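Each remark here refers to the structure printed beneath this line.
Labels for the chains are A, B, C and D, by order of writing; each one numbers its residues from 1.
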Amino acid sequence: MSVRTPDPDPDWTPNPDEPPKPNPNPGWLSDVELAEIRRRLPLLYVEAVPVRVDGLGQVVQVGVLLRARATGEMTRTVVSGRVMYGETLRDALFRHLEKDLGPMAFPQLPASPVPFSVAEYFPLPGLTVFTDDRQHAVSLAYVVPVTGTCEPRQDALEVTWMTPEEAASEAVSAEMEGGRGALLRAALASVGQLR
Amino acid sequence: MSVRTPDPDPDWTPNPDEPPKPNPNPGWLSDVELAEIRRRLPLLYVEAVPVRVDGLGQVVQVGVLLRARATGEMTRTVVSGRVMYGETLRDALFRHLEKDLGPMAFPQLPASPVPFSVAEYFPLPGLTVFTDDRQHAVSLAYVVPVTGTCEPRQDALEVTWMTPEEAASEAVSAEMEGGRGALLRAALASVGQLR
Amino acid sequence: MSVRTPDPDPDWTPNPDEPPKPNPNPGWLSDVELAEIRRRLPLLYVEAVPVRVDGLGQVVQVGVLLRARATGEMTRTVVSGRVMYGETLRDALFRHLEKDLGPMAFPQLPASPVPFSVAEYFPLPGLTVFTDDRQHAVSLAYVVPVTGTCEPRQDALEVTWMTPEEAASEAVSAEMEGGRGALLRAALASVGQLR
Amino acid sequence: MSVRTPDPDPDWTPNPDEPPKPNPNPGWLSDVELAEIRRRLPLLYVEAVPVRVDGLGQVVQVGVLLRARATGEMTRTVVSGRVMYGETLRDALFRHLEKDLGPMAFPQLPASPVPFSVAEYFPLPGLTVFTDDRQHAVSLAYVVPVTGTCEPRQDALEVTWMTPEEAASEAVSAEMEGGRGALLRAALASVGQLR
């Protein structure tokens, strides 16, 4: 059960190894305020499935994040994070890609803002295939080719590059946080790589 | 300028002709709380462009709402409203369609939850083509065929049915709230009806 | 191997129980001409995955065609057929839906002409997951809700209605012609119903 | 009228400045055969709208081809060409991008094979907004970011880079071959850049 109660948003789980940053925008929320709001309003997220493509744009590898949870458990997830007040979706997507993949990943953000899927996360299972015991979150999910080197930061331990077949496997799905195995498969289907 | 400061969300502007309803969900927000949150967090909306289709599914008419604002001004808009805590996107879409088009519209909600467009509304113009001086809102927009009779409720005065050409015209765009003329054109483009 | 050499196009395999029809359009092709062209040019197809939806548009059942092949083998497929000269995609889609599901299926064709997937079928396996030993075909695939009664005609024996889970299963995929199990899963992913 | 009868497929109009190439594939068609087939079968095309994007993937410029026709007339078009027998859509897209933009354009082909629009060209106007007096063609259209230098070859004289506003203007639309002004606007709508 606890496998489905991740915290993929480092805005909310500050890295103890880094000094606390001053709030860059007074409109943004403190942790206490955010905790309160999480029980009152759906929160808007962006998520990204990093991929490597060949010279014709075809997806050949899929990046999956390995994350250590506070309990010591390891889980897998995708790039994921909240959209802040005043921030465009593109800015949020770029910020979270850099946060999770490092500054040298060189992601190619999509020209279209239309996601390949909209994932609805609810605290209780059953409404959708996605769960998040902290909150009701709605996530716009994108496939993002990266051309550089990925060096995960914060609480992501590593990026594992898989073939589309591996990424769609039952074994990987079972390790994905909050039902995101379904999101990974939908990502593969959207690029014509789901068998 | 005030043309761009509409209030298309009747959850926020209660209809004085109707008795106040008890809050159906204690997790939902009072008006004061909502006003506070609107300056701190992007709010999630769904929007729908109602259409009439022929026997082959081709869009032949587009429904545009005419709305009287508190100032007496008339503006045009689409079906639009907030997603509540614990509510699925489909439930929110259906609720706002019924609210704006009446109970006999018989909308055919899309099988796919992927919107034709994601509209980002900011209080200040310039970041995108869409503005909303109340808030930062991100809206998932859908084209929704309706097969019944539309009887607008609340503050929408009427639904005007237009040809795709009329709906895409400069004249109609100039009357649309918050830059939604661009949304209407994107809706038409998504169904192959923009010239 | 023969499992992957279906003939889902009744234009090409006339039903012996029906009298031959006069060619309705002199621009259209005889069987001999078509056989010749099939080795020279990619042919354009439309395909449809029929579904049943609930009141909120959510897919609850998926229709899969069961077909008897000339060899007596049974295989599964989706609605599929060629686009004729001078015919719009909508006309072709409607014609093949009626041909495979009968005149009382009442399909709701999508407002958007953009397919959920483009399937590329080649005579030799390996280029894509889809094969068709008769030809190189490129198929635009749609999810189409049907509201009436399906009575398959011609060589389709029956429509089997499945839950999304069944339709995505390995067992069903193994029975689908030409690799269309992948198409079925992509259809489910596009409507948020792939786990 | 003749403005709408272009020949955007250099496979069909060989460049007199280049020596004739041997047919690389015996399954491909001679000009006489192709002329015959064009009156019997819809032909499959791919089209691409080349764009330049900023660091966040947002489209900032749109490339439009200027072409001199045999009559001396100048018209505008997009990258466009036929899909050959045995060729994948990606291969066809890449081949036509290189043919029309030169070998140094470095196009970033989309990870997804789903087009932003499907354009149906008929010899006679009225069925759709697109016409092509040579044939019935169905085109899968993509937005393709290019990162290098475009040096048009063959009969394209130059690539004109425009802002999204210019590209969507009436003036540019009026110069586009075969009704492709509508395609350009749909391309802009798909990337959130149509006002």
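In this section, a residue touches a chain if its C-beta (ideal position, glycine included) is under 8 Å from a C-beta of that chain, and two chains touch if they have at least 3 such contacts.
Keep in mind that what you see is a predicted model, and the values were worked out from it rather than measured.
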{"item": "Cα-superposition angle relating the copies chain B and chain A, to nearest 5°", "value": "180"}
{"item": "A-C or A-D, whichever has more C-beta pairs in contact", "value": "A-D"}
{"item": "Same-residue or different-residue interface between chain C and chain D, half as cut-off", "value": "same"}
{"item": "CA centroid of chain C to CA centroid of chain D, Å", "value": "29"}
{"item": "Distance between the centres, which are taken as Cα means, of chain D and chain A, whole angstrom", "value": "36"}
{"item": "Touching two or more other chains - residues of chain C", "value": "113-114, 116-118, 128, 190, 192"}
{"item": "Of chain B, residues touching chain C in the complex", "value": "51, 53, 55-59, 90-91, 94, 108-114, 116, 143, 145, 190-192"}
{"item": "Interfacial residue positions of chain D with respect to chain C in the complex", "value": "27-29, 33, 37, 39-44, 83-89, 113-118, 120, 122, 127-128, 136, 138, 140"}
{"item": "For the chain B and chain D complex, residues of the former touching the latter", "value": "117-118, 128-129, 181-182, 185-186, 189-190, 192, 194-195"}
